[in-house]
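See the structures that follow.
Across the two complexes that follow, chain A remains constant while its partner is chain B and subsequently chain C.
The block that comes next holds the complex of A and B.
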């Protein structure tokens, strides 16, 4: 309640992946925003910066639409849009704004009607309604639901592939996780790698969904209920023991599903093949671990005494990363957080056993810590803006990182950041953020 | 589970009729959940001895995410379960949004599944004036709609509006208009007037409830007629209404 009484600070480097950009991950899709014109500003400017403007359209609502409802206006707009687009989209997301929470448009009925009118297009109703941020289905959960609900299982048996859900960009292909999955004959699928809607649809035939971030849990549960797609959580970890535990959890799941033995049997004797897999997996993991250890040592030496400032936009779990940095001997000074779970183990570790400061980046008292850290290294663009650090690691939500290779990527970025000072405005523009 | 919405002009006797219907169905051994969809939050008062139960919207405001079903669903007469959606202070806010929010909360808490009710009755304020008030007759909610009316013009006018809304949703495969319940005001030629209106709306009169002082007697005891005066003639009328409603559904 205390926070509700205060203004929240939003810094100019806020943003990254919003509703529009996430929805645009759907190949061959188009978005129609149905909202008052002012609601379109951020999404439209972002789409221009991110090169997505040709896939985004607006139906501006007026007062008469608010009074009368706008089901028919949506039908007319979709009709016009589909006639005017040079290429017919395979998927069309009709977004409504907070206004619709009051109007109460029957979204399901609108989608059903559109699906009857245009059977060759898949329709989804999107909700750009931050007013529902505290609800059971905030915008982020809703948009991921729209993306992944397009996966359809049409094969009788699942194929040897695993989907990574909830991360914005695919993990780096040079990592050990790719190698491990290849050993099992498993392909790693990600919506960002799909060039066609058909490819996204076919991800429904994969045998397992790995949930990298929490907002995809709802759609994962739905896919399990409706299509029998199993899932486990596999968030990005940095602590070495946690990485190994996560791999073990994934392998246990495959083992439980009989996937390992099936693949291993191709080579002949099951037991021998299983043993072979275990030996090879251990070798791969061990080699990756050694590389990550070396990368940490190199980065630590490069960073020296410079303080590290970590923010919530860089990592899904900034406390986990900050604890990792501290345990590895980096001079981590501050975490700029947004949501704080005071019972979280890593948070408690930082508060009780270290001098690391935890700062609520949206709190009005952020101005007391303003631009005081130009010698430090900011990891995340919000930390960069607020701290004033000249050395910056530009990363959003653990992008591309997973496993030991993820640690290596982070360390490489850290080392590189030491070598040069950045023009933050330039970095913000390159990241496609809207000020 | 049978889900029924009861609509009608304000003050026509919807809540009295619905509460007595709930009580009569409960006496028949059915578990009934009555959901009042009116900011006044007085739909179920005669099922809970006149106690003002907390509304869904008040509890959302007070408890936020920690809200539980026990905070909003209350045991009433017999096997009835009582819920009041609630709404804004008169003159401010948006009542339609209130209904949407209350329904979303009931769904989020799996209220229907948890209580395994045989019948759910939505007692809806007045006319289908906006999207919020249409919520009870959308997909997933009531499959059957009854409209309470008298022979007075304004009441029939509202009934016609409600019938139009149901009809326009018909193509979406939503609720079916099962008929009108004539809550008699003893005006001249009342039955004929309502029969004519029903024919124009392509529906029927499911039950004629006579005007009776027993309703006021029971309400003075803060009870339904079915509970307070179970052997009286009006209680028999409500039991007959329950029978006819179930037959129609």
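The block that comes next holds the complex of A and C.
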């Protein structure tokens, strides 16, 4: 069923990280939504659930504002907001919604004016505008741009640190990637670990940005252009060969940047030190791989004949994960996808070489497809809802996973899911979903 | 709500009101938006959405469609869906973007109806207003239309049909002896946006049945066009929120059906309310609704608080000044119930919908967060009853009793979603 021809179904378990929650990753920030009251309801309720509402305010538009524009109303509201807040935020994002794309508020001019009025506050214009979902700057691209554009390089030379961009939560610290970076003397930075705005700013001094998800590419290009911060793609992979290739790509980049040589120099003899690093890195990777292999075997045994269903909310690339499961001998039966690229290698593999069913979860016919109950295991809450699976792995966009340790985390969750049947409504509520 | 709002979430919008009122009908409902508006409704304004097969969709509006005014794309998506779903009705629901570009929701609906032969209705909702206006629009555009079309078609004599199909053997089947036929009542204005996850509607219907009434229609679940058409056969309409008042007035004028507002909260007030309902029917019909014709339970004394000790045992001290913030008709009923049980003085602060005709002098409609804050912190009130989210706005120490309003706190207020029918009134103080 083609996406563009269909009315879109909204699953009751739809949600995850919306504009509000991503913006809230900016420490010491506040958000002011300037929109019809309706546009703010889901974000506000989600923020209350996550304990963030004290950093979120609204200026509700009325018909007269829509007709005559609302630049002045924004200035007045910011004046009032900053007067009434107990503590002045370091960053204020002024969000507008879909209708502003048609009204055409000059966001840059608004930000300039506010910056003149309040030079101690950093202002950003946010766009919660799903009407632009098929443009080159959909909401996810624009919000990440707002977050990471606050990084500022103020050191003459970069510091030995890498930033992971585009993942909502930091990767698990027990993984081999942390060990490998430590071997290189590299700190891993993530906006979710920043407690102050200053810490986020200082991420601008890191020597490399690792892009974990595609929507951050635009801001990464901007940071390279404006601040000279280099970047490479490092999406979450599950296939063993792909993981090893990804590590090789990262090391090659460091090598190109001279980072490995610098570390090696500390040890005295360059060649010996380089050899030492490579040998040690191989040992770490090999140990992690063995652990992941064992985790897969254990999970496969625990899963048995139960069908597996994966969805697009659990993984950035559900087809890649489904292909991995199939190759590893898991009984993967269905992928619930939102966007389908028929030229994608893994999609073609699933369609041409397996009997895995691909279901468009936004299609209007989904109301006739969902099941009351199923013995299988759903990975992702939308798959859980539609499939009726009794066993559920609650995960959102590969969270915390990276490298072989990521495979281990996924397998652990899979094994655990077999042990109990869930009350899905409870799981959804506990997940604190935000549409 | 206007101006700056720093604490409360935005309340349920008009398009949620439309969808909520349409939910029990056999309808394909399409919210013409990009995704967020539909997510508001399905995520936070519809407790029935989970495990429902109700076909409520987002049109997937994109900027290029808005700029080009490509209504045909929307029509084609609906026609495609009709290949697999056979509804009695199609509803198109507006959102902020269609408002800005001036989409003719009614015109598109008319076009769809002309192509498919299926009743189609367009709603010019904007997201700038609140849910009662959406519910009212459904009553105006769907219910009235079906009532009028069915009248034209059947040419029935409503007066004759009314009273004629009740239980005439004197046995109601629930242990309630009645004399003669039962009186049929409709319940108007009931949506989960006002009653949330509470059992209020179940309890109200049970209360009416126990007292010898028959529920003609509550427009609450699985409602067919035939059931809507049969609304006119009721003896009285019970209007449980401001959303239903316009339809009730229309039905009074058109079909001569009287109405009563509010709910039978608290044991004493339930008795009074029941008498009012009987009187309203008596005034309007040739028959007298006597106490004998209703199946009355023992209602003359409150089991927990009789006249002598009510001031001592009732959770609110005699002489207290009580502020009740919420849906106006529910708040009025809480006022009536409290004043029947104790010597208290109540003020109602209405949220989202308001009708001056049902307000006391001291009552007021609260349109902004600032107005709510001001009233909550008015030193003259000792006790506040309202949605749990209002407590955060209180700067002065007062007794606060949470009573969830779904259009405010959604599923986050579930713990405080209560039915106050009859003796359950006391649950608000738990």
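The working rule: the second predicted complex is superposed on the first by the 425 of 435 C-alpha atoms of A that agree within 3 Å, B and C clash if a C-alpha of one lies under 4 Å from a C-alpha of the other, contacts with A are read in each partner's own complex, and residues count from 1 in each chain.
Please note the rule applied: a residue touches a chain if its C-beta (ideal position, glycine included) is under 8 Å from a C-beta of that chain, and two chains touch if they have at least 3 such contacts.
Since we're looking at a predicted model, the values are computed, not measured.
Asks: Fit or clash for chain B plus chain C once both are placed on chain A?
Replies: By the criteria stated at the top, chain C and chain B fit after superposition, with no clash.
Asks: Is A:392 touching the first partner chain B, the second partner chain C, both, or neither of them?
Replies: In the superposition, A:392 contacts neither chain B nor chain C.
Asks: Spot which of chain B and chain C makes contact with more residues of chain A, would you?
Replies: Here the partner covering more residues of chain A is C.
Asks: In the overlay, answer first, second, both or neither for which of chain B and chain C A:22 touches.
Replies: The answer is neither, since A:22 touches no partner chain.
Asks: Should A:102 be classified as contacting the first partner (chain B), the second (chain C), both, or neither?
Replies: both
Asks: Centred on chain A, what angle do chain B and chain C make, from Cα centres, as a multiple of 10°?
Replies: With chain A as the vertex, chain B and chain C sit 80 degrees apart.
Asks: For A:383, decide between first (touching chain B), second (touching chain C), both and neither.
Replies: In the superposition, A:383 touches no partner, neither chain B nor chain C.
Asks: Based on the superposed arrangement, let me know which partner A:134 touches: chain B (first), chain C (second), both, or neither?
Replies: Both chain B and chain C are touched by A:134.
Asks: Of the partners chain B and chain C, which touch A:422 in the superposed model: first, second, both, neither?
Replies: Neither chain B nor chain C is touched by A:422.
Asks: Which partner does A:61 contact after superposing on A: first (chain B), second (chain C), both, neither?
Replies: The answer is second: A:61 touches chain C but not chain B.
Asks: Taking the superposition on A as described, I'd like to know which of chain B and chain C A:200 touches: first, second, both or neither.
Replies: The answer is neither, since A:200 touches no partner chain.
Asks: So, does A:112 touch the first partner chain B, the second partner chain C, both, or neither?
Replies: Once the two structures are laid over each other on A, A:112 reaches chain B alone.
Asks: Quick one: smallest Cα-Cα gap between chain B and chain C in the superposed arrangement, Å?
Replies: Minimum C-alpha separation, chain B to chain C: 5 Å.
Asks: Share the list of chain A residues that count as touching for chain B in one structure and for chain C in the other.
Replies: 101-103, 134-135
Asks: In the complex, go through chain B and note every residue touching chain A.
Replies: 64-65, 94, 96-97, 100, 104, 108, 130-132, 134-135, 138-139, 169, 172
Asks: Please output the residues of chain C touching chain A within their complex, sorted ascending.
Replies: Chain C residues touching chain A: 1-16, 28, 30, 33-40, 42-45, 49-51, 53-64, 66-67, 76-78, 80-81, 84-85, 95-97, 99-101, 126-128, 130, 389, 409-412.
Asks: So in the complex, which bits of chain A are touching chain B?
Replies: Within the complex, chain A touches chain B at residues 69, 101-106, 108-109, 112-113, 134-136.
Asks: Tell me, which parts of chain A touch chain C in their complex?
Replies: These residues of chain A touch chain C: 3-10, 12, 14-15, 35-42, 44-45, 48-49, 53, 57-63, 66, 77, 80-81, 84, 97-99, 101-103, 128-135, 364-365, 367-368, 370, 372, 425, 429, 433, 435.
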